[in-house]
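All remarks here apply to the structure that follows.
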Amino acid sequence: MIFEKRTERILVPMFFMVALFVPLFLESNSFFVGKVTTIIILSIFVMSLDFLVGRVGLITLGHALFYGLGGYLFVILSPEYEAVNFWVYTFYICGIAALIALVTGAVVLRTTGIYFIMITLAISQMMFYYFFDSLEFGGDDGVFIFMKPETSIFGLSFLNLDDPQHFYYLALFSLFNTLVFFKVVLRSRFGRIVEATKQNPDRTEALGYNIFAFRLTCYVIGSTLGAYAGFLFALQYGFVNPSFLAWEMSGTALVMSILGGLGTIYGAILGTFTYEGLQYFFEHLTEDWLLFMGSAIILMVIVLRKGIAGYLEKLLEK
Amino acid sequence: MTTELFFVQLINGVQYGLLLFLIASGLTLVFGVMGILNLAHGSMYMVGAYLVWYFATVTGSFTVSAVLSAIIALSLGILIERVLIQRLYNRNHLDQVLLTIGMIFVFNSLQSILFGNDPYGVAVPGALDGGIPFTDNSSYPIYRIFAALVCVAIAGVLYYVVSRTRLGMLIRAGESNREMVEALGVNIKSLYTVVFAIGVMLAAVSGIIAAPMRSIVPGMGESVLITCFVVVVIGGMGSIKGAFVGALLVGLISTFSSVLMPSMSNMIIYIFMILVLLVKPQGLFAK
Amino acid sequence: MANDIVLETEALSKHWGGIKALNDISLQFRDRQLHGVVGPNGAGKSTLLNMLCGTLKPTSGCIFHKGQRIDTLKPWKFVRRGIGRSFQKTNIYPEVTCLENCAISAQRRFGGNFNLFASRHSNQMVRKAAEQALAQVGLDDRTHTIAAEISYGEQRQLEIAMVLATDPCILLLDEPMAGMGHEESQRIIALLKELKKTYCIVLVEHDMDAIFELSDQLTVLDNGRHLITGTVDEVRADPRVKEAYLGAEEDDAEEQAA
């Protein structure tokens, strides 16, 4: 069983059961379906960050780089007025994002601790300015995606990305797969060494493991999935702009993952939904919602140290 | 590039570098002594700029506003350290990052509530208005020279305090050895409060000095924060000397690149930082 | 005789600023022998082991393993050459079970470390190797206990089990018996006697009775200098050793008095 904790075995099926039926009940309310789709996509991004920060021990403040790259790579690679194949382009985008992660990872992973935090931030900031200043990609305003890809496999098409409900299910399917994938990876022999490296890197190295290689592999995995989430997000909204890879995006995702329960993987879903819910609530309450969000984050660091998952586990695990 | 343009850019670069040093020195000091990475450091720069703008519009005097703002910043530093930062001492980097991100949100939102989101400018104080003739038909603004001199003076004071005074001795000892400072009978808590408050004030003073030269806009804190990161990463985290060298390098590189290759200029300091890290992963003056 | 030498240092030195933790040490470690290293606190014993296992790089001098120079290699490559090391300061994975601690150590040899999908529990060889290592040090009854929850002495045993699980040819042990009870120490001494028939063991230990009983060769370090290397009897007879040790004992006495 890849879900080792009771809390996961209760919450995960519950979430996906409910999520499966959401669009059916809200058929008329496509705004709401779109909003939930966005949060699901964001959950994938946050989950990939939770893996890196909570499980591998790489505190990155530049994860949004890959979120943005997911969108921009699509714009760069695909012809403007022609629908391309979704699966083929997913493959391209993830492949190139993985390659970029491999190269940047080889640089950033030379550093540790506080340096790692700062250099990941700086690299993502560098790419932020690259797109911000580029005339080709619309600078500040970003670029529109006019044609959504088609999704046929061997001529069979069962998914229409222009339909919000279909898109919803694609996002949900992706989230489920991401969750299962991370759980499988963490349970593997590879995952054992990753876990060991986080707990005690020096000892792991002294036992003969090339911890750099393990960290780099994880960095590539996490970054690639982050890019996939960004790709989905860009498709849903039909545009991509530099704010995708702004540092605020990385910072917010980090807050979400900690709110959910750092390193729990499934907690990313809890954290993202809660954060977005809170934001929605504050936004409607007051224009100055950022003040409340900021205070909530500060309080969270001081009081709620294990995140929502931590509290649920306290209740549900014996 | 003509010789004249070259010299103007050289002075601009040095002046920008000195300002960066002033901001970065606070960041690196707080990290070096207390082991705290304060992401809200840029917000303190913003606080300085907005405060001086506000008082300048109310009182009409730049000097009075500058002093008032600096005092408020210092008190703010003490308050933040006592209420929030103190809780972080035995926590990991992640908690520091989060808490200070929360602070950024709070300060940004306070800025927009109190001052709105329009860009503002502060008039150059009368006595320092005007320019020093450079050639027959060009001149260099006096205020920029003045700002550079103030930065140099503060850097000098900082150097003196750190290397010559009892406080400096404690700071240097605190960097390497907490217990030793305690053994000297000094309350490490008060030392940390003082250091953090100084750090905040350095950032705020930079904002005050920069106010007449730059526009005061939302988000100014973050952009300066990230530039400071580049500075301290290049120089070596925790090293004041490193911050000085890093700041001048970044100042000069970004000034010249904005003339020589404007389309790349925002990126170039990051590329430079990556190059430095490839050679020295701990920065140029790492301990 | 010469090809017995599996590990050799040549003029090895390590300096930290002004501190000369080790100075000009040339030693030879032979296969199927237990080589004891003793010396007062701060003599540089741990520093020596840290360099032999690659975690510290020498300031000058070289290390040879079976005639090949290895001091320039990355730390993790040392283990792949069969050089295993236990730490003076307990250095385990506190959050997982004892079995898992040993499984982490053992797994490297069996491959599949980059297999992202196969469950970590699926490889029986890893499990067997881990269980065997636990049994060797007498921790079989703690297999499923979280490492942070066992006693200090048991953690010391686990520390050794973790090295054994890497299946080394050369064992570098840094004060393995420190903090163990009498019974456990006896067990480890018996184990080391058995192991030295097949391995090269470098043992740093404060327990003189154990060292004298076990060592085939004995090296005395003092203040970073190499005092003498010889058989136990040669070393015991050497006047310089008595001096170094008497001095140290006086220090100890003073410390205790203070």
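Every chain is named by a letter (A, B and C) in the order it is written, and numbering of its residues begins at 1.
Here is the rule we use: contacts are C-beta pairs under 8 Å (C-beta built on N, C-alpha and C of every residue); 3 or more make two chains touch, one makes a residue touch a chain.
Predicted model only: the values in this text are computed from it and were never measured.
Of all chains displayed, A has the C-alpha centre closest to the centre of the whole protein C-alpha set.
Taking each chain's centre as the mean of its CA atoms, C is the chain most distant from chain A. As a whole-number value, the distance joining the C-alpha centres of chain B and chain C reads 49 Å.
Chain A and chain C, compared by their mean Cα positions, are separated by 44 Å.
For this pair, chain A with chain B, the centres built from the Cα atoms lie 33 Å apart.
The residues of chain A lying in touch with chain B in their complex are 53, 59, 61, 107, 110-111, 113-115, 117-119, 121-123, 125-126, 129-130, 132-133, 247, 251, 254-255, 258, 262, 288-291, 293-298, 300-302.
Of all residues in chain B, those touching chain A in their complex are 31, 37, 84, 87, 93-95, 97-99, 101-110, 112-113, 222, 226, 229-230, 232-233, 237, 263-264, 266-267, 270-271, 273-274, 277-278, 281-283. Residues of chain A touching chain C in their complex: 184-185, 187-193, 195-196, 199-200, 202-211, 213, 217. Across the complex, chain A is touched by residues 53, 55, 74-80, 85, 87, 91-96, 100, 103-105, 107-108, 112-120, 123, 126, 162, 166 of chain C.
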